[in-house]
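The same chain A turns up in both complexes below, where it pairs with chain B and then with chain C.
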Partner chain A sequence: MAHSMINTRLLLRFLRTFILWSPGALVALLWLFPLYWMLITSVKPDRLILTGIDLIPTEVTWDHYRTVVADTPVGRWFTNSIVTSVSVVAGSLVLGSLTGFALARMHFPGRTAIFWLLISSLMIPPEMGIVPLFIGVLRLDIQDSYLSLIVPPLASVFPVYLYRQFFLSFPRELEDAAAMDGCSRFGTFLRVALPLAKPATLAGAILIFTGNWNSFLWPLLVAFKSEWKTLPVGMAVYTRLDIQGTATQSGYGEAMAAVAIVALPTLIFFLVLQRYFIEGVTQVGIKG
Partner chain B sequence: MSVPQDISPMSGADAHRAHVQPPAREGIWAEIFRYRDNRVALALIVPSLLALILVQLYPILYTGWLILTNEKGVFIGLANLTRLTSDTIFRGALIFSLKMAIVVVPVSLLLGLGLALLIRSEYAGRKAIWISILIIPLMVSEIVAGTMWKIMYHPTLGLVNVPLTLLGLEPIIWLMKANTAFIALCIVEVWRISPLAFLLLYAGLNQVPRDIYEAAAVDGATRWRAFWDMTIPYIRPMFSIATILLFVWSTRTIGTIAATTAGGPGRATWNLSWYIYGMSFQRLKPHYASAAVIVMLLMTYIAGAIFVKYLWVERKQR
Partner chain C sequence: MPDGWLAYLSRIRYRGRRIEWQAYLFILPFLLIFFVITLLPIFFAIYISFNEWGIVGDPVWVGFDNFRDIFQDDWIPKIWGNTFQMAALIVPGTVIVALLMALWINQEQWLSGPIRTAFFAPHVVAITVTAIIWIWIFEKETGLLNVALYGIGIPKQGWLTTSQWVIQSISFVTIWQAVGFHMVILLAGLKEIPAELGEAAVIDGATSWQTFWRITLPLLTPALGLVITLEIISAFRIFGQVYLMTGGGPAGHSATIVSYIYNEGFVRFRLGFAAALSLLLFFTILFFTLLRTRLVREQSH
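Coming up: the complex of A and B.
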């Protein structure tokens, strides 16, 4: 009798887990499905794309990728995107860590006021800046240059907030120990605080990198010549598709290949660093 | 569980200040500069402030000037704003943005909360994998998301219509009718935005100390009571931050609309961002568009204030 009780209990447990998990697994599948469909469509030959819906392609071709690479300066756009995103990540992390450290660990007049000034600027819509900045870029005649692509996104408050939250929980004993050993405040920041802030740095790097890689409106505006487009802006040519689906229009394979070329670098970057990202997000904890 | 910080105005490395005689009156700046710490702090903060002044403050002032003038640079007072009140296209875009937020924000929040609770529960092994899967949409750009979903909605190539055809119904041309296009865009936005809700709420749940649940269980509280009386109060501030961010994101999407409907059919899927972008850069009326920007700013601040007021209830200290 005891035996059967254990069995029912096990069965109930299993049922409960199953009931809880099947929606979870379903959501996870649906979540990734559009991405899967994008990749699958990008490697299907045109006639398979148009004739039917099969979840696993019976024939794989790289033609769409070849067409996209042959028709566009992909290499140049890729370089533009990489240079821009990496510079923005480096620059805004430097600015953010310096300011975040000062706001969290140092006492100076106006500290709270400056913090709230920075935080309130988080709510200003980006649309607000775009017209004046665009006019500014035209006046300075720096359209079609890395300067116009990199400088405006540098002034981001998010890394300041991220580092401040992280440095707030930095133990004072370490700071005092560093001071005893003759470290200046800046030395403490550089040699003690910053190395310990690695989770925050990596989480910030991932978010800022993907944010900039994917940004669309600003690079679209400042790139007049084709050679100064970033990857998403350049590839947008392929996304103008017929939405009625009446004709036997081709171009869907190319569109999906183009979109995959835009998406893959950030996805790979994220998957390589996801461990640190999750660690950073849960540790920094963004205090409530 | 608060982190010890900044309790005394002078502690640690600043303690030496206590022994310094107050300086003679020589102006506030001289006073500030007297201390090495202040000079260092200033040096650390000035680069960020300069960048913000250049990229945020200057545009705000410039926008203020744009609103009050017309294309010829003549001062016209509030005419741009009053003109906006009778602009039916603007009204349509504003209503569309709000409608979208009203649908997308609660759905994403509930979905995010449910998933966060599920991943946080003891049933979830290998949390890192689940978290990674769930936040992947955050890594994809609006254009990519839009193009991907456009194929999904395609009447013959897409999969959204497969269940309908299996049931013997006519496939829907989702993006060609105003109503279905709205639903379709809401689904894309939920897909794109709810990972943010999940991430923030998961981080919030991680702040809840586990031992309070054990204490509650000892006192005979049901799980439901524990959730309602302990978890919810703990994550409320995070919930309001998530609400504000989701509201901002969902009213402001432009890439997904550009890639799916391009504002169509007609002007049925114009939102505020789309309107502002078209007005500034296609119709070349940045002065008039700035008035719409101000309305958007006000809308965000009002919504933010409401969310903070009604959702952000700090835990009572015991």
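Coming up: the complex of A and C.
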């Protein structure tokens, strides 16, 4: 008797949760569906792609990936994307932490003015600088080079802001203690502040990496030759692929494999390091 | 006497405290890059907009000709109209979906984590990925959407190929990609609201609807304001979706400000004209973000 009552109560609670949560869960599944569809289509044999909506592939093939690798300089594009994104991350973190530290913890005339200058520059759409920067790149003859891909993103205010907010939250005593141990300001920054700012560094690294990996307009402009394209710019050729298809043949498998190659690094990165993504966005959001 | 000079410098005070001169060395590298990449180009863009500037040959000073051309250009009203229509769908669409999902997830249940992940995932993939997946979903004959709709008796539509649907389709894709990011910001805002406030209101007999309008929403205003501003800025800067999915077509029905800047500046190499357009983009965004600030401020009074 008592046993069945508990069961009924459990069942009711389960039902309540289910009814409360199923619409949200359904919407979430729908939201995720296009990405899932991309992944499974990329491994389906051609003849199964247009035959219906089967959610779990019955046959798995890597043919589409092989075709993409054979048809495009994907290795070169991948290298370009990696080198660019990693360099921008490294450079931004160095520049951002130094500047953020000074703006948060050091005493000098112009500190507030400089901070507001940086913040108000966020109001200006980056597209405004694109024509002059493009002219500059042509005049210096540095189109089709890592220089033109890496340097402009380094001017982003985001890492500066992120570090400043983080360093502001440190207690005063921290530096006093460091000063007593005979640390210079740079020593305090390097040996005390920076190690403590690891969450900001991680969040910054992840968001900057993703942002640059996905960056589109600027790399599109400065890569004249195919070998200097980044992955997202290079794989754009698949929009022009004839994906109308016929009943048995289509370019969908290939196109989905191509974009899966672009998407997988950041998607995996996100799934593994989710917490830091969310923290990074939250940190910027709350204080902004 | 460098020693004496340094000692003198280190004694200078500013607002009662010694100036830490090293700070300038800390900020110098970034400020140099910021100056060259961000500040200088802004002024240079203004200068370029008064020139006829091609990819070869010398620029020619033409005064306000580029701006006159903008106002006489047949495409401009169409393009600004397209962009406004997209912004009018994307900004409220994104903010409302993000707000609903944030309120939903904030109840802190076992599914919160996975749902948040599902919504944020589209935000971390490149625009090329989004565009190519959705080109297929929207494709007329074999696209998933039409196949599904056809199954329930709705005739197939050219989602990206007819003027009737193209703006809605591109806006929808944009919302799909942006919602997760804004949802996370709003969630952070919701977490800042003390739970006791809501509980107190419930004890006082407020319905959950009243609690939402009287407590949650007003306290969420700063986060909402940020989300709306960010979304206004990005909606007016739409480019990748249009460039990849429709190329501005059919017949310019989905061309946006930035896709026009791209075409005029970097395909036709009318750099002066493109710079003038970018100035206009700046003022358009400035106008709407200021309007937003004013509206929200009035509401909170």
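Going forward, the second predicted complex is superposed on the first by the 248 of 288 C-alpha atoms of A that agree within 3 Å, B and C clash if a C-alpha of one lies under 4 Å from a C-alpha of the other, contacts with A are read in each partner's own complex, and residues count from 1 in each chain.
Note that in this section a residue touches a chain if its C-beta (ideal position, glycine included) is under 8 Å from a C-beta of that chain, and two chains touch if they have at least 3 such contacts.
Since this is a predicted model, take the numbers as computed values, not measurements.
Asker: Fit or clash for chain B plus chain C once both are placed on chain A?
Answerer: clash
Asker: Which partner does A:Leu138 reach: the first (chain B), the second (chain C), both, or neither?
Answerer: In the superposition, A:Leu138 contacts chain C only.
Asker: Applying the document's definition of touch, where does A:Ser169 land relative to chain B and chain C: first, second, both, or neither?
Answerer: Once the two structures are laid over each other on A, A:Ser169 reaches chain B alone.
Asker: Look at A:Arg275 in the shared chain and tell me whether it touches chain B only, chain C only, both, or neither; answer first, second, both or neither.
Answerer: Touch partner of A:Arg275: chain B, not chain C.
Asker: With both complexes superposed on chain A, which partner does A:Ala179 reach: first (chain B), second (chain C), both or neither?
Answerer: First partner only.
Asker: Let me test your reading of the model: by the given contact rule, A:Asn7 touches which partner, first (chain B), second (chain C), both or neither?
Answerer: It touches nothing on chain B or chain C.
Asker: Name the residues of chain A shared by its contacts with chain B and its contacts with chain C.
Answerer: In chain A, residues 17, 20-21, 24, 27-28, 31-32, 34-35, 37-38, 50, 53, 95-96, 98-99, 101-103, 106-109, 111, 114, 118, 121, 123-136, 151-152, 154-155, 157, 160, 184-186, 189, 210, 213-214, 216-217, 221, 232, 235-236, 239, 243-245, 252, 255-256, 259, 262-263, 266-267, 270-271, 274, 278, 281-282, 284-286, 288 are touched by chain B and also by chain C.
Asker: Enumerate the contact residues on chain B facing chain A in the complex.
Answerer: 3-6, 9-14, 28, 32, 37-38, 40-42, 44-45, 47-49, 51-52, 54-56, 58-60, 62-63, 66, 111, 115, 118, 121, 123, 128, 130-134, 136-157, 159, 162, 173, 175-176, 191, 199-200, 202-204, 206-207, 234-238, 241, 244, 248, 252, 254-255, 258-262, 273, 276-277, 280-281, 286, 289-290, 293, 296-297, 300-301, 304
Asker: Across the complex, what residues on chain A touch chain C?
Answerer: Residues 17, 20-21, 24-25, 27-29, 31-32, 34-35, 37-38, 50, 53, 94-96, 98-99, 101-103, 106-109, 111, 114, 118, 121, 123-136, 138, 151-152, 154-155, 157, 160, 184-186, 189, 210, 213-214, 216-217, 221, 231-233, 235-236, 238-239, 243-245, 250, 252, 255-256, 258-260, 262-263, 266-267, 269-271, 274, 277-278, 281-282, 284-286, 288.
Asker: With touch defined as at the start, can you tell me which chain A residues reach chain B in the complex?
Answerer: So the residues of chain A touching chain B come out as 17, 20-21, 24, 27-28, 31-35, 37-38, 41, 49-50, 53, 95-96, 98-99, 101-104, 106-109, 111, 114, 118, 121, 123-136, 151-152, 154-155, 157, 160, 168-169, 172, 175-176, 179, 184-186, 189, 210, 213-217, 221, 232, 235-236, 239-241, 243-245, 252, 255-256, 259, 262-263, 266-267, 270-271, 274-275, 278, 281-282, 284-288.
Asker: Which bits of chain C are touching chain A when the two form their complex?
Answerer: Its residues touching chain A are 14-15, 17-24, 26-27, 29-31, 33-34, 36-42, 44-45, 48, 53, 55, 101, 104-105, 109-111, 114-122, 124-129, 131-137, 139, 141-142, 144, 147-148, 176, 179, 181, 184-185, 187-189, 192, 223, 226, 233, 236-237, 239-240, 244-245, 258, 261-262, 265-266, 271, 274-275, 278-279, 281-282, 285-286, 289.
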